[in-house]
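Next come two complexes, and both contain chain A; in the first it sits with chain B, in the second with chain C.
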Partner chain A sequence: MTSTESALPPPSGAPYAPSSDALLSVRGLVKEFPQRGGLPGRPLPPVQAVSGIDFDVPAGKTHGLVGESGCGKSTVARTVLRLEKPTAGAAMFEGADLFGMDRTALRDARRNIQIVFQDPFASLNPRMTVQTIIEEPLVIHGVSSGDEREARVADLLRRVGLSPEHANRYPHQFSGGQRQRVGIARALALEPRLIIADEPVSALDVSIQAQVVNLLRDIQDESGVGYLFIAHDLAIVRNISDLVSVMYLGKIVETGTRDEIFDHASHPYTKALLSAVPEPNPVTERVRQRIVLEGDVPSPADPPSGCRFRTRCWKAQEQCIHEVPALIDRGAGHPVACHFPE
Partner chain B sequence: MTDTTVAFEPSIRNGETLLEVDDLTVVFDTEDGVVQAVSDMTWSLAAGETLAILGESGSGKSVSVQTLMGLIPKPPGRVVKGSIRYRGEELVDASAAKLRQIRGSEIAMIFQDPLSALNPVYRVGWQIAEMFRIHRGASRSDANRRAVELMERVGIPNAAARARQYPHEFSGGMRQRAMIAMALALDPKVLIADEPTTALDVTVQAQIMELLQEIQRDTGMGLVLITHDLGVVASVADRVVVMYAGRTVETGPADPFYAAPAHPYAQGLMNSVPRLLGERFRLESIPGSPPSAINMPNGCAFHPRCPHAVDRCHQERPAFVELTDRPGGAACHRTGEF
Partner chain C sequence: MTDAFDPSSRPGIALAASSAEDVGDPRTFWGDAWRILRRKWLFWVSLTLIVIFVTMAVFPQLYVWPSPSPDDPSGLHCKLTDTRLGPSFSEHWYGTDVQGCDYYAQVTYGARVSLTVALFATLITVGLGILLGGLAGYYGGFLDSIISRTADGFFALPYLVGAIIVLSALTTSDGRQTWHVTVAIGSLGWPAVVRLYRSTVLQVKQLEYVQAARALGASDFRILTRHILPNAVAPTLVYATISMGAVISVEATLSYLGIGLPIDSISWGIMLQEASNKIERSGHLLWFPTGYLIAASLAFVLMGEQLREAFDPRFR
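The block that comes next holds the complex of A and B.
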């Protein structure tokens, strides 16, 4: 945590000014994890999980953060919530500096920022009833009395498509999709302005994924909550997001509106990612030109110099080794971090 | 309704029929009662053919192959009826020795999670070479050489160096390649892949599917792909089997199936998949959740979630019938009406 001033630093690549209606504005976010081990005097380099990223979540909108495993997208979620201590950068929530807050202020802010986790099996306490799980935020923040809480929980259960009779059951009595609904009900209990959803549907079956995605969209239409929606599944991100940022090895490589990213992708990595998503249609699948990336994602403890994607990029040239490409609009109409965008 | 006749479809390719699963019913005896894991399941696989078994968790999509590979613990598992034949030879009551001879050398299998299938304390090359040492009596150096060759063939770069590394030093995609190398070691005629790409990133998924197809083209083996992902197998499957609540609800050649699935469950599944192309619709989800295997609904197991269910669906289990307008079959009272 470096910056305690409330003024937001300019975005690192200066692609766009923080919009005044942004619910959440993140600038220059860096998170490094020190590594244990190494020799005396020669410690191991830190793991650079997130290396300077900027993004906004406008009120009532969804910003999808998409990338493959290890790209740092979940670290972004955890750092914004201050479940991890940021190494550098700033995060403004409704104009208040999240990283500069003391404990009391942070607790108040967290009333308005809730999280939904990936694994509905691990994120619910098996010894608590659904009633206790959902009302816990209400108790902690002291927002309502006992009777009110019961009514409120019944209300929340109905809102996420469960029935009030479910309140006295335990998590193991529910299916995966129902558990995720319980997790969403808990996140909604305090009527937050922002929900950070970290892979909320990736543990669920296809038919249930669609239910939960629809539920999240309905809740947003009704309540105007903003989502930071973190996922690896591009098709789901396309379905739910207004804005999309693509992450690779700790950096955002391309950002824009949903249609800009999905219809006019210009970063080679975005293009490769999009070309790899299979569609359930054998006729189009067989003729599709697929960009198959060579090799693996490099280690975030020792990322490549210059452009981090260059080791797997078919367009890489000398410049990519020496010069970090800034995330700026290069004529595509939206910011792209590539020296040779398409 | 006890009619269990199942349309037996001839394989598309004219290769030799390798595997025949016929009317297979497997149950588990549990404290809460007898659970029907899979009921009356029938499918076959020919050489050079790719069969995709599609279904969500708990649908029983893996049970038939687990049974034939001897991976079902007995008890509590029990084969109640039906047969599984490999090149005409019955596997259901086969001796342990017979099964051991067929598994690995004739039928190989790869799994979703390659990390748990590899031994963490042995070098990857050693584990692959073990196949040659144990099954083929190869010498150490010969086995090691063949292991490195195999690793090269499945696209592991610097194979000689990677052979000396441990599983944790491999990425997920490379581990799956190592598993595939191990599965191919004895030139099996059938490869069964149970959710082979589910744990992998999307760019790596594409690589692995491409590799499996390439190997199949080279060797002419039969490939069974078990998955929940309709997209991943769309371009590779010749035929599909769709499972719901332990039963086959639809089978048929892949292309017409994907163009217009006949069973309401398969239709719902297809509409649930978010797309990258075309208009961004609100997803049409299937309401409710799959039934518990202990408490199956009467009649058609899908009727509580089915938009087309009529009275008959509540009482009478639909027989599996061949479709009239195209090859394939479905278990639905109202087949062809929508």
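The block that comes next holds the complex of A and C.
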């Protein structure tokens, strides 16, 4: 996996330049949401959804972004897509600065970056037929016309495992898994270079999840599309990702190749997450030691000083209160943001 | 969402999900609404009334016979000797008015003006409301503040006072025209539609399919017309139907007060005004236009209520 390692942060941990060979390269991304209310002169602090994160998605590879709900994963997706305005940071897509683009440039960039949403019930317009939904990207970007478009939609439907006869149906006539296939077909219509999958399977039944993940993998093998794959389910991330970053409260706490994270986790939070995944083998499952984290995730409007994980960490010490741990290689072979890694 | 159980979501047979048979007939939002509506007797009552009044407005000759002829262009059979006859089954069903004209024919002809004013005033109201409410809800911020505060300002203005101001501003030396009344009523009703449509736009614009369209690079115009409007318009259509009924009465009120339609036009409001000082001796001059007015107004209000129940998922 030499090609993927080059996309990882350098061991120094110092702010580094966007890597030019990555498909998507995000540096220092910050997104804060101002809060309304508070006393005059003493406004409420902003909610720090994303507090300075770096990651790369190499072309044709999958970068999995894992974390509990509310840790800022989806905000990362929405900000990279410019559905939200970033507070600070940079994002380079194929060498072009996404955050500095004007409307026209952004429109062109959006041909190459598509999104698959979490909720297959909410992400399809209920008043549109599947045909209209899937051909919309083609219409918006003026690609093909008339009969050609219809043939292309039929082709896309077949590609995601649906029948072209489904084109005239409405979304509510489909099951969750089928709808997600429609959503994937829409994302594929423009043959993008990057697909941001925001929890694409977490709303689906477990049996359907595997099918959809396999579909995404097949599509990647055929077309060489890169995925930013956001999920809270580690088993699925392990299945599809080449690179994995673990997020906690708006920050990346550990990042590395899939094997580095799953076999050599060194951040206490990653360890706790991994310990919660059931083992398929009953023998090893019986001896599995679960690390149960105490307390709740602190409010992103008032994150803990120093290490953000220290309030729930069993290894926390004085240093963790005062010093923010940098995301650097501390002997584990991949970057980890912890003063006392294992 | 009222989805029937879909066998394709069951693990064992999930792979069969891709075949075409298990999807069923195309069902649409409007189709579902129709299924609910056709079981309601009030829907059929109000629909019948609306059909009667609309045909009355468009083809009054279907209801009045003999039709207007060269020697009686109005079709009203006016004979001054027949002034203020009471209703009878033999000749004049609803009696005659001061000029001895047939009152049944007059009340029938009155539907056209009343419904035309109501229709166009409602179109103006809904058009302005959807345009401004859509912009306010979609763009938010400063534009929203301006539009919403202006709407609030209009709410503070009593309706009749507002209508009088607009009418006196519009009226020229040529006298008052029907369209003056239409514009006056239409230009005052939009703030309610703005509030209603804006609030549904605020809900709909957060939905993922709108975000998806934005991520695809769709223009704001496309998002507003293709994605937001079809999904946000139902409550406004309901309001528009109810407002049709309300406008019919407002027009009658203005005409009754003498600030509405020109005095020579035939409308229920004008008839009420002319009848107002003769009710002791000729009550029929008041009862018949009032009855039509109430029936027409009620028909639209009831229809609006039925539509609301059919569109609102909480009633399903």
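Please note the rule applied: the second predicted complex is superposed on the first by the 317 of 342 C-alpha atoms of A that agree within 3 Å, B and C clash if a C-alpha of one lies under 4 Å from a C-alpha of the other, contacts with A are read in each partner's own complex, and residues count from 1 in each chain.
Criterion: a contact is a pair of C-beta atoms (placed from the backbone, for glycine too) under 8 Å apart; a residue touches a chain by one contact, two chains touch by 3 or more.
Please read these numbers as outputs of a predicted model, since none were measured by experiment.
Look at A:232: by the touch rule set out above, it reaches chain B but stays clear of chain C. In the superposition on chain A, A:119 contacts chain C only, with no contact to chain B. Contact with neither chain B nor chain C is seen for A:316 once the two complexes are overlaid on the shared chain.
When the two structures are aligned on the shared chain, A:283 is found in touch with chain B, with no touch to chain C.
Of the two partner chains, chain B is the only one that A:272 touches; chain C does not reach it. Contacts of A:295 after superposition: chain B is touched, whereas chain C is not reached. When the two structures are aligned on the shared chain, A:24 is found in touch with neither chain B nor chain C. When both complexes are overlaid on chain A, the residue A:140 reaches chain C alone and has no touch with chain B.
When the two structures are aligned on the shared chain, A:81 is found in touch with chain C, with no touch to chain B.
Overlaid on A, the two complexes show chain B and chain C touching the same residues of chain A, namely 175-178, 205-208, 211.
Of all residues in chain A, those touching chain C in their complex are 78, 81, 83, 106-107, 110-111, 113-115, 117-119, 121-129, 136-137, 140-141, 161-163, 165-166, 168-170, 172-178, 183, 186, 205-208, 211. Within the complex formed with chain A, the residues of chain B that make contact are 56-57, 157, 171-174, 201-203, 205-207, 209-210, 228-232, 234-235, 237, 254-255, 258-259, 268-277, 280, 282-287, 289-290. On the chain A side of its complex with chain B, the touching residues are 68-69, 175-178, 205-211, 213-214, 217, 232-236, 238-239, 258, 262, 272-274, 276-286, 288, 290, 292-293, 295-297.
Note for the complex: chain C touches chain A at residues 1, 3, 6, 8-9, 11, 14-15, 17-20, 23-24, 26-29, 207-209, 211-219, 222, 226-227, 230-231.
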